[in-house]
Amino acid sequence: MNSVHSRLSLYLLFTPFLLWLALLIIIPHIFMFLVSISVKTGVREYVTGLGNYMVFFTEPLYWNTFARTAFMSISATFLTLLIGFPVAYYIAKLTRGRTKTTLFLMCLIPFWVSELVRTFGWMILLRETGIFSSFLQYIGLASEPIEFLYNDAAIMVGLVYTSMLFMVVPLVTTLDSLDDSLIEAGYDLGGNGITVLREIIIPHAMPGIVSGCIVVFMLSLGNYLTPILLGGKDSLWFTGLIYDQFITRFNWELGSAFGFLLLILSSTIVWAGLKLSGQSLTDTVGR
Amino acid sequence: MSQQPASAQNTNPAAAFDLECRNINKDFDGFKAVNNVSFNVPTGTFFSILGPSGCGKTTLLRMVAGFQTPSSGDLLIKGKSMIGVPPNKRPVSMVFQHLALFPMMDIAANVGFGLRQRGVPREDIAKRVETVLERVGLPGVGSRHISQLSGGQKQRVAIARCMVLEPDVLLLDEPLGALDLKLREHMKIELKKLQSEFGTTFVYITHDQSEALVMSDQIAVMNHGEFEQVGAARELYHEPKTAFVAGFVGEANSFTAKVDSINGDAATLVSDDGLNIKGHDASGNLQQGDKAKVYVRPESIRLATSADQLDNVENLNQGIIENILFNGANSHILLREEKSGGELNVAIPQTGQFRDLTRGDKVYIGWEAAQTRCYKES
Amino acid sequence: MKKILTSGIALLAAGVMGATSAQAETLRLLTWGGYAPENVIELFEAETGHTVEVTKSNNEEMVAKLRATNGGGFDLAQPSQDRIAGAQAEFDIYKPIDLSKIDESQFITSMLEATKGNTTYNDEIYGVPHVWGTSGLVVNKAEAGDVKDYLDLCDASVAGKVSYRLKRPTLIGFAFSMGLDPFAAYNDEEAYKDILAKVEDKLIECKPNVKTYWGGGDEIKNLLRSGEVVAAMAWDTGGWSLNEDNADITFVAPEAGALGWIDTFVLPKRGRADEAAYAWINFVMQPEIAAMITNSAGNFTASKGGDEGVDEALKVRYQESFPPEAVDNIKWYPTVPANLETLEGAVLDRVKAAN
């Protein structure tokens, strides 16, 4: 009787989660997969096949766009780590109490406005008639307006800015858990800043680094607004391609195939990253 | 200890002391954590700094290690000033309170860490790591992970990690604190053995007097940022110079009393409870009418069933047994003194004579004036 | 339990009665920004008792949304006339219009007939016209007075200060400017591919001149207003609204011809409030209401006499941009055959990727 009860309450407890999983994740993906394997042969005529997937591999444009997107996302991830690590280290190890909370909140503040507003903020700063350009002219470093917008560097700035929090939070958490005496022991035994960082701090922070990198990489890869708004004339982004297929080309079949390829390829990259860093998914995300 | 060697303090290659502290001060925002502390640690000794938590002993140790900078004063290791020398350049190693073994490395990598930093060739590192592990009694554990070791083994690895670097001074920051009692007793002996085997100077800080008493050649008792007394364990126990040392080192019955009369070292006092006490003026400056602290060790108090068994004691009283704290060789009686109603702690001699004492029994107690140490209350 | 049940039944009954009485409906309108201004909605709701819910969108999204819901979720939509027959053939998302429920006398006859013709699929008529306008050039005359045709955007004198969209109107505009006729080739795939190939080369050649490919109406207006861009391909209304603030900037009908579009009324296949939809169509086509919409959207409507109540300033701007011969030269979009957009999409992708 009792076990029936507890099992029932367990089911009830899991029902919302299962519904969410089924309705919002699994069913749409099944639907998307079915769409992706229907190849259009004429008006309202479809056959089942992998033709849409073949398009991706035979048309270098799509393939290149994915490679470019992945490369830029990896670069953005790396850059975010490079900037985020010292920030996280400072917050976790060199401040305490109120200062710590304040600094943490400062990392959060940009996320109180929507991504669109944030991106427009960067546009106002970077555009030819924008604040940076005007400032450089004002202090005499530039004689005429400079365009900072509409290039890959601007995309990078936008991606790093958008991702920073997602890198800093896991890093602060893992660095917080690093006993200060381990660092002191490192110095005490003759280590210098570099060796202590390399042999003690980074190995300890590895789960945080990897989980931060996974999140930032996925966010960058799946970002749509930032690359579209800040990017230049050549800046194709894979999610933009998918949007185009779905919305402006009415080509849901190819769009779905692209969506699945994005899922598969990004998972592969994450898997490769985990293998390279010697971490497992349960170590990093499951903690 | 307060006088300074005149000059030439940095040019003494064959210094007699491994560690010298000269008038060390440390202020934290107006709080004096360490107040004008000076001491010398001779080569090859086991030196302990004993004090309650918050007395400044950890700060002092961290200054020796180089993690904190003294506000003033000088600190010399083997005759060389260490002021401005970063921790990784000092010839000292430290065993941390929670050992601070690196969980991301195996044992060999932990022990070899310091050697790697010095650029010792790989084969040499492997050899020296294995040698030092053998010396601490853990041969062949190099490839194991830290989590596979017991508490005592971890302790020894932590020491091996330091000793492999052959430091001039090994600092130990209450490393036994996290162990259970039995292991702690065992490790005390082990540590002492290791120290004499390596012959390295150990500076050990602890709040546990028994650790300090058992292991140390020299003990400094520290309180409120100052050294109260420095000396061998026996000295501290039998001839505490200050009331704090008398109360902190070993067990003692304490009274607050007023000096009735004084004759040389011999003092007659009346406790707040009204007990008449004959004692020894340990602070050497008692005057009639002074308030004083009086300490008597439980094992200095003799028990008897009749008054005539207690001859040659200046203090003779009667009491009723309230509690018997049986603890084998270390058993005690709590009794209430009849006249004053004050509580006294008395050690039971292990002769079997008092085996049958029970609660409510009336006994005679007596102790000598020489073992009744009186200190002027400041 | 019983209480819950009875109240549930009561609710159900109320719902059924509400649905059957059907006097006041909610009109879910899928339209463009400015086509359903607040003041018009208020008048409509007061007069008919229906309520209006507006969703703002654009051509591609309208079709995509209706396709996603199989023609449901909305009761009236307003895609351009070239997006009706093709989309219906492909996705079956609209239902035919019952012309008997529409007051045809309120429409400009030529425009109504043209739209009927363009939106016919399997002998059924699917759309009636509402708002029309053009796209062409918006030029800052003080800075780029020489820009008079699409190809002039590639001129060295405006290098780095030009913007256009990477969308099909750009392909069409450039084709006309190059002396080709893409509309004539709509139903000849080979000929159309040929044209596209030429346009693709031209657009790639022109790419260094472009500052950025704009995406949204606000973006291009900002670029023109700040002076970062001095000549662009854009809608006529964008040019006119900028003209209010800066007299140098205005819409120019290109020599090769402005591209004319007509936004229509169509009924989504699974729309539920047809009564309200027809009522809305007849209501907004009244000349005085049509004028209110023109003042709000900036574009003229297919309402007979609807231009009379329009702002004088807007009329002046219109006449400046469109001398009579320019009006005759407007290239009206014919209906887009299926599959054409896949070809165009590939060209646009290649232009974007080209360095």
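In this document, chain identifiers A, B and C correspond to the written order of the chains, with residue numbering beginning at 1 in each.
Basically, a residue touches a chain if its C-beta (ideal position, glycine included) is under 8 Å from a C-beta of that chain, and two chains touch if they have at least 3 such contacts.
These numbers were taken from a predicted model, which means no experiment stands behind them.
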| item | value |
| --- | --- |
| Contacts common to subunit A and subunit C (chain labels) | none |
| Chain located farthest away, centre of subunit C as origin (C-alpha) | B |
| Identity of the most central chain, Cα criterion | A |
| Whole-Å separation of chain centres (CA-atom averages), subunit A against subunit C | 36 |
| Approximate Å spacing (C-alpha centroids) for the pair subunit B, subunit C | 90 |
| Separation of subunit A from subunit B, taking each centre as the mean of its C-alpha atoms, in whole Å | 56 |
| Subunit A to subunit B touching residues, read off their complex | 179, 181-182, 184-192, 195, 199-200, 203-204 |
| Subunit A - residues contacting subunit C, complex | 43-44, 61, 64-65, 127-129, 147, 149-150, 228-229, 232-234, 236, 241, 244-252 |
| For the subunit C and subunit A complex, residues of the former touching the latter | 60-61, 63-64, 67, 87, 89-92, 167, 207, 210-213, 215, 226-228, 338, 341-342, 345, 349-350, 352-355 |
| List of subunit B residues in touch with subunit A within their complex | 65-67, 86-89, 92-94, 96-98, 100, 102-105, 113-114, 116-118, 161-162, 165 |
